[in-house]
């Protein structure tokens, strides 16, 4: 069993180069693509607007930067990328330049490194077989060897981003034994063999979009359509195709169809949607959909594997109540991420749910260098106890996860100050112990509190009367119990909890 | 009974001059003041930091502009004001200029009128008796006559703001029969007689702060202290005094003490806090604390009249369940403002509470000029139904108020699309019918949907199976039931619901 | 003879409050006003555009902030003010809001004090006799006593600016023995008696503009008109009136008419231009037009007292050649301010003129904290020697003035490095020795190099072979020689050169 | 003789893609490089500061964007690039990140295309043989075929910039018959054979900089050193090497050494400077240094081919006086570009020089949409006539070039309005008739006024009494007369005047 790299790999160095690491868990991307099947008149930018809506709905998957690339069917792509939130990058003026009937978009996690604007996706290159735009969510576990392959061919790479690497590799490396022609599906398939983990990608050519999910199914990707009401026939007709990291982005008039299968390449064009191929996983390897998408990252109304994320979180709360019951007067959550699990805990335990904390949505990153007197005000500004539900009560507080343990201790103090008689912490996920190499930004092993303190010690550290995590088995059960029609092909990546990495740990590169 | 002005008053014109009117209900201000009783060394800006924390906690009361004024005890005040959110106005650099051991701050509601930066509060003037800074929440109902009084004395007024008017009136008009000296409490008292409605104000001199609440008690204002641990005695000692529009701003190490009484003038100085005077209301007039602070504006953890706002909202929900019961499978709310009432409704009706909608906190003011196909995406981007709790269910949706009715109709559509069998709307406040002249920005009578459609019509309009409001009596009961020790002096302003204005409607001014 | 205040006056304190003092000489303002006599349709903002052009042409008189106020004939003025250069304050959008057929504008010198935006002019107040906007250039020498007068009437002043003081004084203080009515000319006249020095002001009411120059004529102000070609008659017709600090702002189709006389009040309205009054100076006082407008501040193409500034500067150069001749091969200037004097020196001395330095217009305020190696690069970046005219030559370098002596020494080094055999400095103005209290920002006496080093010492200090100033008599001769039709009433303020202040030094105020 | 392409080439399309074309002549770049030979301690960013100074001094060669790349000797380069002026891109904070003892910088001409920030130079790639940064001035005449070569190797190009193309070509294409190793000079030499025209480039590796000038010598590039005073020996010692587009950037303590020869590759490292190779021109091709660098682009104090640019411009003025004499009272220039030629004309003709116009340096790009009344104010705001030298005089106005003829006509009107009796235009360069494909942005043939009007017609069009250009022969004589020691190898590109392109016109690419 591999339990994480000890020495610095190319992968680690790349992380460092990226600048400051976020203090909590952060996603690394959301992707979105759309193609309209009806003819667009020149100057039409409705598809760009649709992508913009999609990116706003995926904003929780990354707030550092965003971008949209569109085409009217020619190799002259229209591009708008920038740092910051989607609503700050795009405006009523620049959106109008993004004309065309197909396009892809991307949103990425947050750092403040302004000079990194060169890393914004989608990444666009001009190749001998036409223009190409690539956006992806995930990280290439074997980026080092793929990078070496590309460099050895005499290509210079101007960034450390996987998107550039994927783009150049697609242009550069035709499948062995095949002619160096414009057979993009063959090139994509070949690349998927070279780099089977981990990505969900949208790849745009002048007249089509390929939606690609890695053979392990590590990152989510799903398919939808949009629908127009045809007045002549009185019926809804399919009028285009969309692809998104999460189904929460399919707002009316968009409709969810299905997930892209692990290893599948789907081609979207004006002619419709077709599944081109399903690339197999390396032998003896299991499916490995990221279980933390259920626990933490995804929006509660997104659907994975046929079930709504909210339902899974409810079940995690129920399971938690079974595994670690405690007598109390009220159960509540750290809003809003712990809400579903708290309701599940309440349902299972029959202890009434009550709002314990109210969240101040106006509070941003605060700059105060607090004096002694003003210490720990940031948490207090963000979360305020509601006395009605706390005063004189034994309280169970559900959190979705504990990363460093900084916040929970201060919240407990606030609850006690507001009159809580007892405070019991129940965490709706297992302890987080290992780094992720597949698209999630997790603090170092040393920083993960679960690696230094057990439940009892942590309870003492944060000032709780008790503290318990959901078990790994409990989580897996909550996730897999109701998944139907999967046969033997059912599997989730729990690497950050167990240290078992589906595709091994990344290779090194002396560079 | 006066039911609102028909012709344009000075008041109306002033509203127009202010530029675009917000689409919903908006507050007009929050105030905060602090004085440290321990000696501060030169360069100390801890009091400014404390005020900054207070303003962040009061940010829900106004997002247009903010300001802080401090003093080290001299007439040379330090001022920082600006447009936008508190966290955008102040930064690690400019906060350091706000040295001193006392100060006041202000935050104001949102318009985009950049040229209005001159209207930012606190308003500072130099007078023959020293410098003076004024910040207030509320509106002077008789601003027109007071303005005329000031102009007639030969003073030019450079803005339409009440703060300037209050400042100049304080400087200009000594109490009749008294010498024109620096007796500021007498001047304040005199002004309160001239203009008894509506304001909560903080008035800073070089070495003291006066906290003032209008005789009707229309706007909230409360008193606190901050406490330091004295290592030599091992005890907490009072180390300063604070005043705030709402108690939610009293974060640790600040502590809530009591409300400022209607008509009360409290003086805060290094010597301590003392109640200077309580100015009486005009004869035959009742107390008139704004009931919409409970319903809509205040943070749920704020305390008014001895009760937590959250408790009152819970009771409104219970009362609503009594007044308008309906059979259903689940009761939920439009997050987050309707949460408390939904829990109250659930508790009373025994119908289980369930989260019906999840809110996308990343979505800001979106600029999209939607095509037909993309209509109504804004609401969908903001609120997404949670199928787990909606699909196949009869749903009761609690909202805290309905102003124009635009949003609720689109939410109902989303719920139906997500599979709700029935959707019943219950509004945890009575229909809003009249404008406010006391510090709340309410759309025009014509725009208020309750003035054009009754419950049945509105239910049909928005697509609900039923729609009911809480009664005015029900609301008043929910608010007043548990208020103790008020004797006969208990009263709330319900002007926006009943058209009965505690101080009459504003006068006109031909200007 | 009074030679400048020794102890800190209110005036000094006000200067300090203004924040960082510029390193050289800086002006404090330019004013501009315009009224169109033809009827404007609603929405017309041509007058604002005209003012904008005027302010751009007066930008050399102040780069800190600017503002324009217009009116369509009512008391509702349109205002746009801001920090920075005119072209950054106004844009194609906000200029459109400045509708109306009359308006005034202002531009002010540079500090970085962002919080001072409240001090931007024009200053607008609403008075009992209508709205009033005031913009001025200059400083009230007796601001302290006037301020006390206003404060004693019970008025609070919110800034330290003379514009607010002038505005409130105009509203507040009717001429003694007169009724407190809307007779603005009488009020202005009265104020001019109370405060005879120093200002050129434009005062706008809803339908007219008063152009006012102080009785000493210390600051410049001139009158113009604009002209439209009438197609029906084939003739130019006067179509409006304009007033400006300098005639350089009268661009086509504006035409220069005459100077406003010292003490004159000119009323501009749709009915035309008329001279209302000429207020007399205090007895025994001489005219005192700032001689440094000729030497340094004004644009070379501006006209004062019937002569173009460029001509006066040429004559200063001629006079300098007479007073301090020297043998040399080439005479040139520090571009561009010394150009005219250098040409004059060349003409008189018969030594050929040659460009010695080229100026890099792209270089801005540079932020480099230079290491030892990079010291003094700022001057080198700004001015580069032209070898063609310098190498192997004896060079005379004309500068318009020497304030601190920092720059000239570095320029001399550059010239020597470029091969100059000798470098002789000739300064086209007398040594600057005293502060100004009338609108010019001059460094302190201690900082003025002429107060610590005589010509020989300074030559040594800066590395010149010789260094000589123009004499005060020489300057006065150059300025006054060709002024015609002035009779006995001819006088210039030379306070900064001689310490003789036309109106005495400012009074103190204990505040 | 080839006289410019008729159909749209890849080159043309690339120009279009670049967005709005400037209205006058614009340069396309300046480059600068520096290496310090003394050991730098970690964190030292003096070299970056030196480059910054160099870029500020080269700012006239491009105002669109800028960038600096440094290295401490490893392949991890430090990069800062951005849109706008150098002083807006770099600040006291970000300059500190640019540590290292060697670096290169770039500045580029102005467009407003924000999305083009990806095109900022220097361009950095990681190759199998280490990191590489490239910045250049010029344009590859055969970019189309080189681009095809690169694309055919399977490389995707993400921009249309020559810098990316040069970078990838350097990585990709080893000299024929040689191994694919890290012999960068061989790669550079090979590229120079493939693409002999037109560029001056700086190419940085982790420990050295190559300065490269194309074999035609079309773009300028010169070498310098910087010098430190060694206190122990009391002597100046060479302490590093610098390279710059123009010598005007060599400010103290930098010193000019010599020009890089046409075709030369110079290697700068800590070991010193050495000339690696001089690549020959294609047979029968002449040297082709851009003659417009003398006429228009370069700073007057820059040195090319052993002569100061100012001297050449003086001689152009003298030559012009010989070719096209005219009786007049005064000769002057459009400041500041025509100054030198005007002095030359004056010297030759004995007609006195006089300043005719003063330039308003504060006027920026103005946004006014002028009404009829305000037409042509932009030119009037920028240039004002000086009556002293114009009124009643016969005036000769020297301009350095006429591109579209818009400005000169308005200036003539201003002069006549100011009283000029006659206005004779003399242009110190021949008529501009052809586009440039070698790094200069020239309007289209149709827009060039010289292609539609001859001298007489143009004089009439602009309202001049006469108008004459310098002849091509006259210009070439003025430039070449005093160049010594060049033997037969003397040649200048006059393509924009004669249509004779030294390397032919660009090829087409069907893309």
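In this document, chain identifiers A, B, C and D correspond to the written order of the chains, with residue numbering beginning at 1 in each.
Following the convention adopted for this analysis, a contact is a pair of C-beta atoms (placed from the backbone, for glycine too) under 8 Å apart; a residue touches a chain by one contact, two chains touch by 3 or more.
By chain, with names taken from UniProt: A, B, C, D = Amidophosphoribosyltransferase.
Here the structure is a predicted model, which means the values were calculated and not measured.
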item: Any chain that touches chain D and chain A; value: none
item: Equivalent interface positions on chain A and chain B, same or different at half; value: same
item: Centre-to-centre distance between chain B and chain A (centres being mean Cα positions), rounded to whole Å; value: 38
item: For chain B paired with chain C, centre-to-centre distance based on mean C-alpha positions, whole Å; value: 48
item: Intercentroid distance (Cα basis), chain C paired with chain A, Å; value: 61
item: Multi-partner residues of chain C (each touching 2 or more other chains); value: none
item: Interfacial residue positions of chain B with respect to chain A in the complex; value: 46, 49-50, 52-53, 56-57, 59-60, 63, 85-87, 90-92, 95, 226, 228, 248, 251-253, 299-301, 308, 310-311, 314, 335-336, 339-340, 343, 353-355, 358-371, 373-374, 376-377, 380-381, 384-389, 413-414, 417
item: List of chain D residues in touch with chain A within their complex; value: 17, 75-76, 79-81, 94, 115, 117-118, 123-128, 132, 148, 151-158, 164, 167-168, 170-174, 180, 511
